[in-house]
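Here's the structure, in structure tokens; my notes come after.
First chain written, first letter: the chains are A, B, C and D, and each begins at residue 1.
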Amino acid sequence: MAENEKLMFASDYMEGAHPEILRRLAETNMCKSVGYGFDEYTASAKEKIRRACGAPEADVFFLAGGTQTNATVIDALLRSWQGVIAAETGHIAVHEAGAIEFGGHKVLTLPSRNGKLTAGEIEAFARSWQQDENRDHTVMPGVVYLSQPTEYGTLYSLEELRAIRGVCSGFGLALYVDGARLAYALACPENDVTLRDLAELCDVFYIGGTKCGALFGEAVVIPRHGLIPHFFTVIKQHGALLAKGRIAGIQFETLFTDGLYSEIGHSAIVAADRIREALTEKGYRQAFRSPTNQIFLLLEKEQAAALSGKVEMGFWENTEDGHTVMRIATSWATSAEDVDRLIEIL
Amino acid sequence: MAENEKLMFASDYMEGAHPEILRRLAETNMCKSVGYGFDEYTASAKEKIRRACGAPEADVFFLAGGTQTNATVIDALLRSWQGVIAAETGHIAVHEAGAIEFGGHKVLTLPSRNGKLTAGEIEAFARSWQQDENRDHTVMPGVVYLSQPTEYGTLYSLEELRAIRGVCSGFGLALYVDGARLAYALACPENDVTLRDLAELCDVFYIGGTKCGALFGEAVVIPRHGLIPHFFTVIKQHGALLAKGRIAGIQFETLFTDGLYSEIGHSAIVAADRIREALTEKGYRQAFRSPTNQIFLLLEKEQAAALSGKVEMGFWENTEDGHTVMRIATSWATSAEDVDRLIEIL
Amino acid sequence: MAENEKLMFASDYMEGAHPEILRRLAETNMCKSVGYGFDEYTASAKEKIRRACGAPEADVFFLAGGTQTNATVIDALLRSWQGVIAAETGHIAVHEAGAIEFGGHKVLTLPSRNGKLTAGEIEAFARSWQQDENRDHTVMPGVVYLSQPTEYGTLYSLEELRAIRGVCSGFGLALYVDGARLAYALACPENDVTLRDLAELCDVFYIGGTKCGALFGEAVVIPRHGLIPHFFTVIKQHGALLAKGRIAGIQFETLFTDGLYSEIGHSAIVAADRIREALTEKGYRQAFRSPTNQIFLLLEKEQAAALSGKVEMGFWENTEDGHTVMRIATSWATSAEDVDRLIEIL
Amino acid sequence: MAENEKLMFASDYMEGAHPEILRRLAETNMCKSVGYGFDEYTASAKEKIRRACGAPEADVFFLAGGTQTNATVIDALLRSWQGVIAAETGHIAVHEAGAIEFGGHKVLTLPSRNGKLTAGEIEAFARSWQQDENRDHTVMPGVVYLSQPTEYGTLYSLEELRAIRGVCSGFGLALYVDGARLAYALACPENDVTLRDLAELCDVFYIGGTKCGALFGEAVVIPRHGLIPHFFTVIKQHGALLAKGRIAGIQFETLFTDGLYSEIGHSAIVAADRIREALTEKGYRQAFRSPTNQIFLLLEKEQAAALSGKVEMGFWENTEDGHTVMRIATSWATSAEDVDRLIEIL
């Protein structure tokens, strides 16, 4: 990068793929295989994911992107008269252009704190639906959608997740976790939710590839085999079936070989922690505490403008009291040099 | 390949990508860019496609796969009360798991000959709808869907396509061409429909990548700028927006640099022609004439079984008179050695 | 009717309601009741229908019209990856403006003879789906849709219906019968399918009101209680829930009191039989044999034009050999005088 | 009514129809007419409504019920990438079982005060969408949905409605008003919004029949002819087309003859005003001010229980401070005697 170029910290999907993935794609490139995910690379990737999740019976499917995965899974989990509970800040509620509604389902939003829902709020909502005399004129909640980490970089603790699972079981709700940035949660020192925990607690969750080192791809894990009948056809119907399924398979096989997925998460968290430390030292304020690979700076407008000239960050929002929140995201590709330069600029 | 391994001629998507694509992905891998197709690689790919199509104003979008592209484009072209005319053998009518209906639209099927529709049949159907006293109780045709080459490897001539365009214009129908295997049409000696012709005649068409040398990806071309409003959002709503849009952009930039897309088509046709010649010499029958990269062998049952032990082909259908139709497909990746061996086996 | 007015035989829904229904609506008009079908009139109507069907456990719901009923029931019976098998002449395939597809489902059409499907054709289709290697890329058949009588006025015999039921059971298909004109089937001398038979053989069927003497309304019968969960909500979601449910309830209570539904069917058949007899005597040809309240005249074009000047009939189709098919429909409201005058004109 | 029976004030659709409607249905019952709303009664009803609205060019359609009307109109007004703005208490947001989402569209809810939205809030929302950098990843607002009177019995003033119209025009939003109880707004002394105002300000609105004296039926008014293309087919596709269209036509013709619609509204308001006066005298509290035919009593729990034993009211909600809100609704059918008895009980 030339000296006069801007530093890029706007998102965690600004590069291609982790070099090891490219290497493996090149290595296997001319081997012939059948399509639609019935190849041996995909089989191996599924097996490695089952093992990492301690879920030997799990159904695993690879889709191309997050919105597609959310729309397909949620549509498959819901019956026509049901809707999905989500935080009002949840990705499916805001930034998926109505993909859930396109599939015919309502997103039932609850207020959130820094991207998170609580077991108590979900329970109150489910109970209030149950006790509503007019409930048969309304949309029945059928699925709870969470993100781990959330869109605000925050984490559910194991205790919180268990409590939510308890509510779900009590009210017949399926629990679905969006893990678009799961690597960055798993690698976070204060995280206590493992892949095995997710496999134990969720009806479905996905392990994000696109934002965690792959060219593209998300791995849908359904721990209980057969929970979703005809899911292959549902995926096809949603336009989400990859003809060359192996391309996703090879990527996830690579991510789950020799700890690469952990390593990817780890390096991003190390970079983010260094930045957070520098921010604290230099007296910057953060909009809220986020321990993963996203940092939300609370800046004066002039400060924001000045910084933006030198660092490409993500615009998050303008607060009511006149501040600007900007997002810094690190990834597997963030170099120590870029972190050094960023700290210097700060 | 070991001597005792079966020859693979089952489909045209059994490998990764053309090596030049992988090389270019590796070369650009660590360059940072913004997401969702606003990067410079994608911009360059769009420009190269516009030039190849002689359509400087065209809108170009990159999606991940064929079913997704068909569902998204057709949904965007139709109003809620309209349906899409297709051959009863058309991909959208048969092998997309109801993706068009999932989007709320009826596929209005017409009988086809070897995968093709005629202008006359389309006109008869459109006129009969227009003259139907009860037409307001029925689905209005809004789009004509063709495949070039068709699912049966056959081709529309320029004359045929012009005639269909004429009918479409006369009846207010949009014309959409599915080019999943377009490279193999363009490279075919007897083909007289160029990219420029498609850009002149179609409202929308797509240039296939997945089956023509890319890891994945289809390039949607809308020659008349602005024909489909808010198409970016429609793509997102269908779960078809790639976060790392550059991955598709880089692939198509490569395919449309130094004639690679033509070269890919050409080598597959050369291979298919050699096989066709050998078939004729040895007295094999073909189910029908197909000049592109797909060959449809009409075999006795025992013949089919014997061959299948040595060559992996695609099963197509059992005919009513007890024969079996098997498909042989060549691609950019078919080696001269494999063709030699296949001819030897035949 | 003035002497110079045209006779009206165009359809079976040209009047208001059977006078007894209006009388009963007036009688109960100022009695207060709760909404949405929880009133005592509706309860009584349901009970009378259960008794008439010999199905004491049946769930019964009242909807407003035929297309609405078909779309709601079929959507409730299908899962998202499934479609409905219908004759290519079936109402849902042709004259419902794509209402089934609007709900996300494909209509899988089979050729029909005079409106009817055969068990053999359904079985062949279901088996061919089952044996298709690519079936997971296609729409799975989930429901068989029949009309009794058909759109062509023809009837399924008990034997035919039992054979179809057998195929449905063998292939896991639900059987749904559209009884928009059921009264005219039940009253037909050659019919041998009773309400009890329908309740025994169908998963769901509906007893038509709109075309059989009511102002509007169709009674959906689900013989096996609980087969469709949350059907009340599905009805509401389809916009098909009547706020003043009693208006439908009172009408069906009246239709199923003192044999009124039978009487309505009977008088229409008597009228149709008289007309059929006269047609035969006078040498008219019928396009095909239809024993219920619809008669399909095969006319020379000039003959059709001449008749149309004196009698309002329904235009059905132009045959390929230059004839015109016109439909005569009788109903509960057809008077002996009108039949006399029609015969005279013929 | 027997002395010991409960008084019924639970809703405004507890009876059949205004007697004049029944009389007219009986009078026309045996006249023959064509179906689907092409009869002379429907033509006359449309003309009378056009005159009452001062909108000689208006398109008018008759549908069966409110949810159906909302789902059909909103789906027809929106393009696939758009959603509808509504109060979070709006009928479409709460009590229509997800009918809007079933049609593929998101309901974009805004906080409301006693059922109402303000021009300012709508403008803020529309502007915030417009200024959102990520707006192409979100659902674009396309329609504003209001109810007049609202679900809480409150009214928009002409000034408020004009302001909202101004915002709609400024942001390219269509304005749609749900008039399920419109008669009770029009008859309210403090109302200053006439049918002519609605026709001037709305893109579409509907004049409620079901809750205002009809057996069923809502009249959709589209003041600008041709605004919604193919609306007849859209209605059919939604299962909302009445085969015997005349039944709705005759009812609305009656409602708009000799001021019956006004009279119906007037008598309900007189009754409600008498009750309101008595409530004030006796020291009862109302949850909020509602000037139309619905009254919302704020009761202690014991008080609510005691009253409920004698008067059937609608349960509305439990407030956070332990009170119960019960709804009293009057209608065209509320007798002076019932009002007397209610006041006595109070």
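By definition in this document, contacts are C-beta pairs under 8 Å (C-beta built on N, C-alpha and C of every residue); 3 or more make two chains touch, one makes a residue touch a chain.
Predicted, not measured: the structure shown is a model, and the values here were computed from it.
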| item | value |
| --- | --- |
| Path length in the contact graph (chain B to chain D, fewest steps) | 1 |
| Contact-pair overlap exceeding half with A-B, pair selected from B-D, B-C or C-D | C-D |
| Pair joined by the larger number of C-beta contacts - A-C, A-D | A-D |
| Intercentroid distance (Cα basis), chain D paired with chain C, Å | 33 |
| Inter-centroid spacing, chain D versus chain A (mean Cα positions, whole Å) | 43 |
| Whole-Å gap between the CA centroids of chain A and chain C | 50 |
| For chain D, residues contacting two or more additional chains | 80-81, 96-98, 102, 104, 136-137, 233-234, 236-237 |
| Complex contacts: residues of chain B adjacent to chain A | 8, 10-11, 13-17, 19, 22, 25-26, 28-35, 64-72, 96-99, 102-103, 210-211, 215-216, 233-234, 236-244, 246-247, 333 |
| Interfacial residue positions of chain D with respect to chain B in the complex | 75-76, 79-81, 104, 136-137, 140, 229-230, 232-234, 236-237 |
| Chain B - residues contacting chain C, complex | 80-81, 83, 94-98, 101-102, 104-107, 133-134, 136-139, 315 |
